[in-house]
Amino acid sequence: MYKISTDHLTELFSSISHDRALYMPIEKNGQVQFDRWMEDKKVRLDALNTVKSPKDLFFPQSENIVAFKIKGKNISIIENRDESEPFVVFGVRACDAASFDILDMVFLQDPVDTYYKARRDNGIVVTLACSEPEETCFCSVFGIDATNPSGDIATWIVDDMLYWESLTEKGERFTETIKDLFESADFLDEEALKSHKEDVEKIIEKLPLHDLSLDGFNSEAMDEKFNSPKWEELSEACIGCGTCTFICPTCQCYDIRDYDTGQGIQRFRCWDSCMYSDFTRMAHGNPRTSQVERFRQRFMHKLIYFPTNNDGVYSCVGCGRCVAKCPVSMNIVKVIKAMGVDENV
Amino acid sequence: MQKIGVFVCWCGSNIAATVDVKAVVDAVSHEPGVVYATDYQYMCSEGGQSQIRQAIKDFGLTGIVVCSCSPRMHESTFRKTAISAGLNPYMVEIANIREQCSWIHKDREDATEKAIILARTAVAKLNLNRPLTPGESPVVKRALVIGGGIAGIQSALDIAEAGYEVDIVEKSPTIGGKMAQLDKTFPTLDCAACILTPKMVDAASNENINLYTYSEVEDVSGFVGNFTVKIRKKARSINADICSGCGVCTEKCPSRKAKDEFNMGLSNRGAIYIPFAQAIPNVPVIDREQCIKFKTGKCGLCEMNCPAGAIDFKQQDELVERQYGAIIVATGFKPISLENFDEFSYSQCPDVITSLELERIMNAAGPTKGKLLRPSDNTPPRTMVFVQCVGSRDTSGCGKTYCSKICCMYTAKHAMLIKEKYPDIDVHVFYIDVRTPGKNFDEFYRRAVEEYGVNYIKGMVGKVAERNGKLLVQGSDLLADDQIIIEADMVVLATAIEPDESARNLATMLTASIDTNDFFTEAHPKLRPVESPTAGVYLSGVCQGPKDIPETVAQASAAAAKVIGLLAKDKLRSNPCVASSNEMLCNGCSTCENVCPYGAISYVSKEIRSAGKMEVRRVAEVNEAICQGCGACTVVCPSGAMDLKGFTNKQIMAEVDAICR
Amino acid sequence: MQRIFGLIKDRVGALLADGTVDRVIGWEKGEFLYDHTPAIFNAEDDLVDLVYDGFCASNLSKYLIDESKKDGKILALLKPCDTYNFNQLIKEHRINRDNVYVLGIECRGMLDIDKIRALGIKGIEKVEEQGDELYIQTIYGDKTCKRNEVLLEKCINCKGKEHVAYDELVTSGEDIPQVESNRFEDVEKLEAMTSDERFAFWRGELSKCIRCNACRNVCPICSCVECVFDNKDSVVASKANTDEFEENLFHIIRAFHVAGRCTDCGECSRVCPQGIPLHLLNRKIIKDINEFYGEYQAGQDTNSLGPLTDFTKEDVEPSIITEKGGEK
Amino acid sequence: MSIEKTEDSNFEPLIVAFCCNWCSYAGADLAGTSRLSYPANVKIIRVPCSCRVNPMFILRAFQRGADGVIICGCHPGDCHYSTGNYYARRRMTLLFSMLDYLGIERGRTRVEWVSAAEGVKFSTVMNEFSKTIHELGENKKLRDLRCKEFLD
Amino acid sequence: MYTAEREMTENVLRISNVNTRKCMKCGKCSGACPAFDKMDIHPHQFVSMVEKGDIEGLMNSKTLWSCLSCFACVERCPRNVEPAKLIEAVRLSVIRKQGENRLKADDIPVLLDDELPQQAIVSAFRKFSK
């Protein structure tokens, strides 16, 4: 466990960003999002959550896959995927860090997605524990301890001191390279950290969504949930935009498209949203034609299909972004409450 | 995938001079879809066209691109070639590499590169062409002639001769136009009335011809084969059916102050008048500004004295709406106003007159009953000076830049007639160049000089000033390199002519294009001189450009021939490049309906299968016969449901892509 | 705000009971006190969840496009700014007028939860409104703030309190202060910048766009059967902004498709998760239309021709833009 | 003379011209028949009427690398379809104002009314426009980079 | 070859900014010229002489100094040729001819008028003594 005072954070960042890119929550045009760190950038470690999750550092919204060039009869294939170089992402919250593990389950399973793997290996995740969770947070419901985030290195900010503890071997190796900036934390610091964690846990207890119950959402209940009449009423307000899917840290669906650039064809991958009308358009058309079916598909996947395939791990980390940003305020919490077993609505 | 043949034309040397044709053929042969590419000296010739036909058969081409001159020139030629080879005519695209490439770029390398790009663009567009078949629309078997001068009358007679109904709309109370005001006409010097009035009577008596005199066209809608025209019959205040044309009323009318337009204002007329004796229809008209009854409510002498009781003060304008298959514009001309030419002091001295005024003075029915008298004191003149090109060939902005073409001939005519009738009058003519071309014209002018001793002075009048009753004409005599001053009794100005003032807004109504001098623009100066680019509108007479009576009559008959050719068809093939709406995408929001200039879009509710269930939706429908294919609806349609066949969104996008590649 | 809600609830109950309408579209309470969802209440379920307070900003007229196609009559609770969109959709034959019974409800201006958070108020549990004061109960203690500090952008530039389309009006009789503001102020500020500054501003804003289509799907005017960006046969079909240009293209084309029809209801800016001031694009076109072709408020009536489907012979020439002065 | 703004003065601008079939295309032909030259980098696309030009076409041209776009039509009042150019005039005014609002150089887009008889005007307009675009330099602001530097 | 005469014509055309080719030889300038009789070369001839390059003839002519510059010819010319400007241009070339010192220093006391501003003397020298 190391520590560094918050006033020296700027030197820490500049030394990290010497040989690799450093991303962290930065405010740009009134919006906090993960951006590359520069001296003049406005760092916002106090902001609870960025609007867009850091998943697009590993799974960008659009990336080139391959390109073709046609000259007369012959076609030449050109590898022009975007090269990824080593980088550090700092200030990741516990929920986002947990979402990386969920994405790993999808992309790193056989067959491994090489694009994602390249970025994942190059990336070092430095998490920062929350100190002031919002009322929209419900990460505890999914067993995520906000005060002890996962990731390669965990950090805590207590008063004006940043505590730095590497959790994984990759984290350990990285900390070695910048060890001289830190002092080692003594017993007093451990105590201060422990009491800070308890305060935060107390706040988490008091969060309104703390005791949201997930029982009833398991593979057995799949048919019963699928045919429930409640979907009709829950989805009547949904306008089918992609906001909830694009800001959600665990949504992992993408579409592959070709673009005719005039010189040749550029094949690229881009995020897709199950809420869109052309989401799974196939030869005969789209299997889910009405908004009710699409709405149901989203929450069934998060709460039932994914846990069924991944031994009980839900595909939601309770970060609360969709609760805050949905244009018509319809979100997963309302679905859980409406569809839950004890109907404690 | 299309199988496209590309044919690059040399156009003799017009294209080949600055465009490397072989390079174009080679470059375009690699384009997607192109299976055959060749070049030829004259693609539009029979040899070229047979080469295309052969290639279509040999390679089974589904579309051809011809890189040649402007599509406005030979698009129809190559479409006919395609039809003759069994290919749909709308699978032909033209790349304009002559007017828009070889003729305007000097550097061979630039021109070739641009020709390649234009060829590639045409191929890109053709790849997305689909075979189109022209629709059919009915033809109304009736023609409209706007303007009742010699041009209008001649056209009307020829069309009536072919058995079709014709309406003549003339804005003045009688037909006859400017020619009726003339005395004698060149080159044969026979009197204008003698050759015109019989035609006027024929026009009046021909049962196929309806005369709408003292009427104007108010609104034109529709398109070739089916024009709807609103005609405003202005109130004559006389019931034409029962009026016998005795003319008693015109004598009795007390209001004498009005200037007689027919006599160019040289004499006065009553408030109720017949323009001239042989007027057709021979019915007077009341000039409401001058008539005391209309101004003050008193008088009404004409009503009292009219034997037939035909006067009807309460008569109102009447709006008539009729359908026509074709329209002939014969609006004629008028002399320009001379306010910018005060060096001739036309407005100060009454003895300085225009040629048209001289026509009236010499005319037996004119204000001086045919005797040549000075308007100021009615004494016979001793010396007369004619000044040519007043307001013509003038780039200084005061007059017209063009040569009015007829002045040299009618001045020679005036000079000859005066010398013949009054041999002792000295006649001088100041000229820049005497332009009397064609059959018997130069002989006519030389006769004026050699036989009648008219003194032609190569030079120009600088100033005309009046001094104690005489006109001092100061001009230059370039051959003598001298400045001469002639004491003249009368000065006649050969004034420039310009189109009738009704031309400008008539062109807007007909959507016919018009040039900056207000002459109607012909479809093609050499190949289609009597047609306007707007289908169904034909040009006859001076409305299209300055010309004399022989040419006007020739053009009038030509226009009539074109109209007869059109009316002879029962069905007209309508333009297939019209809008079409995709009912799956249509929101039914009526935005396209609001912008359609022809009202070709209507709305129906239809059963449509969408997202698995049947649904009744309000969708747009285009009436292909009325739509002219302008494309305004395609851009206001947000969902892209409305598209234009022949110029689809994808085609234009493909062209843009091909250009920017 | 409570008084008006009571009146509305009674009226809605009465209209449901006497059968003039068989269902109501309004807002339903959410988890917290600020996340209300548009919902349809059928006659039988009780109206306990119906709510109308400072957080009912969403514009219900878009739902009426599909709802008015179903049989039976629906009661729509429309705020003044929603009625402009209602009129525009009637003009475009998208709403079946006789299947809708419009209840014009009074509106004192809606609140923006992001602005409340920006004041540093976190963990919000309860929000009470008393006159101009807001009493907010949060996990970290109770906070208060002024109503006018946290108004939504579209309510600061409110177009007026009168409803332009209604079958019945419900007013509480309280006088509602008319907020005086120049709604083109931001547009003028942008116009005053140099063109490079404007380019940098818009690049900064539009580069945040994640193409979630919220602005398009919430806009009542932008409701094509199949949008040109989704229709694979269209020439601009695209799903992601893979390049800076596509970000501009999406927003320019969208602004143009609603040009002359946008009623400036501000919904696009309200729902943008990235906080892009999209209303500035549409407001610029509205300002140009007013300046060049005379004052025009879309949705004011149901029969006038929109500015882009109309013309006069004396319209200004496009070259006026190039000669408008200012540096290059 | 103003110093050349772009460094490489041999920059060849690419200009797309949308010409309406009845007037400006005929004017272009007349410029051709009267041998009035204008730069070769102006390429003409024939459209039935100026009202057929969709803002998407103009943005597509810029996206694909055009440096200037000019829309030619009949003089208001002379349109072959009687009202086409009135709609085009309003739409283009708003489009130019929007592009300017987004910070795109004002001179890049232009509307010009050229009748079938104005061959001279057509060539002077094209020369002038090409010079303006040359001074403005390459279109860097409204450019899709994928379409430009793509592979060898 | 580029003779001095050619250069003088270029000079006259440049100064007067007249395009002599526009003249259609109508003779209106001579017709309108009030000083026609006092001239040995007449207005319509200015244009053709300048076009032929015969500036010399014009420079030694009487016309050059009898033209009143009343601009009647310019006003009336239907082709905007502006003959009077040619005369002005030729006059300037006369004045500008080197080595023609028409004003010597010692003339000054005789002609001097005490109210004459200093400026007038200097410009007279500049104009007339080369």
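Letters are used for the chains, namely A, B, C, D and E, taken in the order the chains are written, and counting of residues starts over at 1 for each.
The criterion applied here is as follows: a contact is a pair of C-beta atoms (placed from the backbone, for glycine too) under 8 Å apart; a residue touches a chain by one contact, two chains touch by 3 or more.
Fair warning: this is a prediction, and the values are worked out from it, not measured in the lab.
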Remaining chains grouped by touching, chain E not included | one piece
Labels of chains that are neighbours to chain A and to chain C = B, D
Where each step is a move between two chains that touch, what is the least number of such steps from chain A to chain B?
-> 1
Central chain (by mean CA position) = D
Would you mind telling me which chain pair, B-D or B-C, is linked by more contacting C-beta pairs?
-> B-D
Chain-centre distance (mean CA atoms) for chain A and chain D, in whole Å, is 47
Separation of chain A from chain E, taking each centre as the mean of its C-alpha atoms, in whole Å | 88
Between chain C and chain D, what's the gap in Å when you average each chain's C-alpha atoms?
-> 37
Please list all residues of chain B that touch 2 or more other chains.
-> 595, 636, 649, 653, 657, 660-661
Residues of chain C touching at least two other chains = 226, 235, 242, 308-309
Which chain D residues reach two or more other chains?
-> 55-56, 60, 64, 77, 83, 87, 91, 144, 146-147
Per the touch criterion, the pairs are A-B, A-C, A-D, B-C, B-D, B-E, C-D
As the complex stands, chain A meets chain C at residues 28-31, 33, 48, 51-52, 61-62, 132-136, 203, 206-209, 233, 236-237, 239-243, 245-247, 255, 257, 259, 268, 270-273, 276-278, 281, 323-331, 333-334, 337
How about chain C: which of its residues touch chain A in the complex?
-> 30-32, 35-40, 58, 62-63, 113, 122-125, 138-140, 204-205, 208, 210-214, 216-218, 226, 230, 232, 238-242, 270-271, 273-275
Could you please specify the touching residues of chain A with respect to chain B in the complex?
-> 70-72, 260, 262-263, 289-290
Touching chain D in the complex: which residues of chain B?
-> 70-72, 96, 98-101, 103-107, 110-111, 113-114, 117-118, 121, 507-508, 511, 513-516, 521, 533-534, 577, 595, 597-598, 628-632, 634-636, 644, 647, 649, 652-653, 655-657, 659-661
In the complex, the residues of chain C that touch chain D are 190-191, 195-203, 235-236, 242-246, 248-249, 252-253, 255-256, 259, 281, 284-285, 288-289, 292-293, 307-309, 311-313, 315-322, 324, 328
